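Letters A, B and C mark the chains in the order given here, with residues in each chain numbered from 1 onward.
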Amino acid sequence: MTALLVFEQILNSLQYGLMLFLLAAGLTLVLGIMDMINLAHGSLYMLGAYIAASVYMATGDFVLAVAGAALGMGVVGLLLEFAVVRHLYHRDHLTQVLATFALILIFNELVRIFWGPQPLLMSVPPALSGPIELLPGLYYPTYRLLIIGVGLVLAVGLFWLVNRTRMGMWVRAGASNREMARAMGVDIRILFRILFALGAALAGIAGAFLGPIFAVQVGMGENVLTTLIVAIVIGGIGSIKGAFVGALMVGFVDTAGRAFLPLLFYHLASPDVASNLGPTLASVLIYVLMAVVLFFRPQGLFPVRT
Amino acid sequence: MSVLEIKGLTKSFGGVLAVSNVDLLLDEGEIHGLIGPNGAGKTTLLNLISGLLLPDRGEILFKGVNVTRRPAFLRARMGLARTFQITNIFKEFTVRTNLELALLGRYTNYRNLWTKVPPSVSEKAFAVACEVGLTSQFGLVAGQLSHGEQRALEIGLALCSSPQLLLLDEPLAGMGPKESEWMVELIRRIANERSLTVLIVEHDLDAVFRLAQRVTVMVYGQVIASGAPEIVRSNPDVQQAYTGS
Amino acid sequence: MIRLLPWLFIAFLGVFPLLAPGGGEDFYVSVLTKVMIYSIAATSLNLILGYGGMVSFGHAAYFGSASYALAILMREGIVSPWLLWTVPLILSVILSFFVGAIVLRTKGLYFIMITFAFAQMMYYVAISFKQYGGEDGLKAGRAHLPFLYLDDMAFYYVTLAALILSLGVLRKLLRSRFGLVLQASKENELRTIVLGYNVYSIRLIAFVISGALAGLAGMLMAQHTQFVTPYHLSWHFSGHLIMMVILGGAGRFWGGVLGATVLSGIEELFQNLTIHWQLFVGVFMLAVAFFGQGGLIRFVGGRK
């Protein structure tokens, strides 16, 4: 276990965590402000990946692929909000769960119909496929570095949007007190629609960037949704800061856990136990983290409402 | 022994001091009025006493027992009952079921949890309904009652546990003059018949001064006056709080 | 007259295998067994969701873990029917107790998301054990009783007995103080607390009973199909169970049975129509979510 390996895993955690943040930010705002659970958020991520993969395969232009995913998902988000989601805001949580769960099934099947059941192969663009030498002897894939870069830029952008703009102020007001936001003269409906579309666009971007790393397949949305929910619960519902911290924590624990826990077990126990227990424990580490956080802070680390 | 004793109770919400260093002493059988302009922290105080909120500092002693951090349901089982400013009944259940639930609350434990509701409880429920004037509405769904009838049910629910301390949060809210008159009489009657200690928060100063033996005035979370109604009434600070603010 | 319908259904279930052409080897006996198992599971969820107002999105956990417990016991060579029939149930009880104790301290969105997360945790644990099948699932078998060999017909009747038992438990609960307080806590939690009830405790008890019944269903499923699959630990399955309860009628006595039966029938129908049947199930679910409040039980009548 070298320092280089550790550093590499830290970078991987950052990369994964930042992408999770892009997804978590959109979802947590919907949860906090609209008090609505949107299980289909993972499907938006999946759709974004599919759109990006298709555009990339057709044009070979990666930038176009990401832009296509962002814009495409923004449009899908607007349409979805208008057609289905906005009717759910005033309904009870049970109905929201059922409806958005139904959307997952529908999206999954639509993707299967249009793109077929086989996973799409999206390769890392050749220009970015090589490693970069960050420090003497430390090589890191250029592509992942790009993701970190884009993730940081978007994160900063989001923080600026939420903390320094008027719209952000409305968002924060709405997150802690919906009635107050309404009283401030904000047209809640338009705000919600824009927010939802923004969240969808971010999900699309995340999907586009993660496509080459994870497989582009039906069901990728559900895998990420679980991690997302853990990150949001840890961070606190409705809080962008919470989503950021939660996503990074989950990204770190999951990545480092999967990388180091089996190694740890190899040193401590027999290879048999290690090969079984290691991956198992690694996969539940984020839930253990969640349980620990909830024990001390039942509403997450930075809840918006008291 | 005093039924309720509060010492130095303080509660703030994110920087806003809702209740500030409040002292209060309630003797057995006393009807005590709690008045003050809106936002004075009166409902917060009731929430602290009944256990729906936990204070930052201070002590609450109920029947001599320190209940400052005790869960709300345990305080209820000790004989503390309350009503709410906005009617808080089981709207989908009948008046009868509402009262039966209230009667069983204090006396349900893990052993009798599995038994059916005994017929004696239904009889007692009817008796309470009579006491608050809901005899003919006994079988109706609570949500169908008029506002005044629902407020009466609210009081009825509070009586069911045979409490020693009754907290009333604006029982006259939303009532016209005739209904208010009736409610005041009801409160006076049940307080007498059951030897209850009552803490009543009200904006209707007339009603308060007629009912209460002592009155406390709260402004911006602090107690600014406390004592016999006439003395409080003529207190210049109190008059200023109501007219000047 | 319409009130008798559900009882007629039970009677029908009672005599069906005797009248079936294949005499027990019948495909339909197998299908009905599955429907009955889902009915038990849906009824167990109805207790906490329909009557208790707890939107648990992780109910599959108690179903699936009992299934896996049975299969793993068998894989490890345990043959005693005493152990095979009780250990999975005890596991469900323990699991639902510990999860419930933690999870019931939260409410609203947090509750939904945390129940979801815990169930997913168990899903990932299950599929990570390669020697127990990983993602492919694990073979199980029938835990034959010393006095009864469980061929399909016998197992059908065992399942029917379990269903009647579950409904009996629900009925007893609903008629007791417990049932009253549980429903009260759904209707107005604050009021229930202020009346002196330990709502947390009541909910936990309901949660555990519900988990136990789900475990019963899971254990039966493992024996019925003689196979366990991680699907029964997945949130897809949790979502399906929620769907059954709402479709049938949340908070209505026969809601679970009705929902399980109808949903199974509808899925069967769609599956025969097109390979993209999930799309139609999704659309159907969406429609139920928007327009189906109250459930199909509205058309059948019956009591709460």
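By definition in this document, contacts are C-beta pairs under 8 Å (C-beta built on N, C-alpha and C of every residue); 3 or more make two chains touch, one makes a residue touch a chain.
Owing to the predicted nature of the structure, the values given are computational and were not obtained by experimental measurement.
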Dominant chain pairing [most C-beta pairs in contact]: A-C
Maximum centroid distance from subunit A, chain identifier (CA atoms): B
Most central chain, Cα average position: C
Where subunit B and subunit C are represented by their mean Cα positions, the distance between them in whole Å: 43
Distance between chain centroids, defined by C-alpha means - subunit A, subunit B (Å): 48
Separation of mean Cα positions, subunit C and subunit A [Å, integer]: 32
Residues on subunit B engaged by subunit C in the complex (per definition of touch): 50, 52, 71-73, 76-77, 81-82, 88-93, 97, 100-102, 104-106, 108, 112-117, 157, 160-161
Complex contacts: residues of subunit C adjacent to subunit A: 49, 55, 57, 102, 105-106, 108-110, 112-114, 116-118, 120-121, 124-125, 128-131, 235-236, 239, 242-243, 246, 250, 276, 278-279, 281-286, 288-290, 293
Subunit A to subunit C touching residues, read off their complex: 31, 35, 37, 84, 87, 93-95, 97-99, 101-106, 108-110, 112-113, 222, 226, 229-230, 232-233, 237, 276, 279-280, 283-284, 287, 290-291, 294, 298-299
Complex contact set, residues of subunit C against subunit B: 172, 175-178, 180-181, 184, 187-188, 190-199, 202
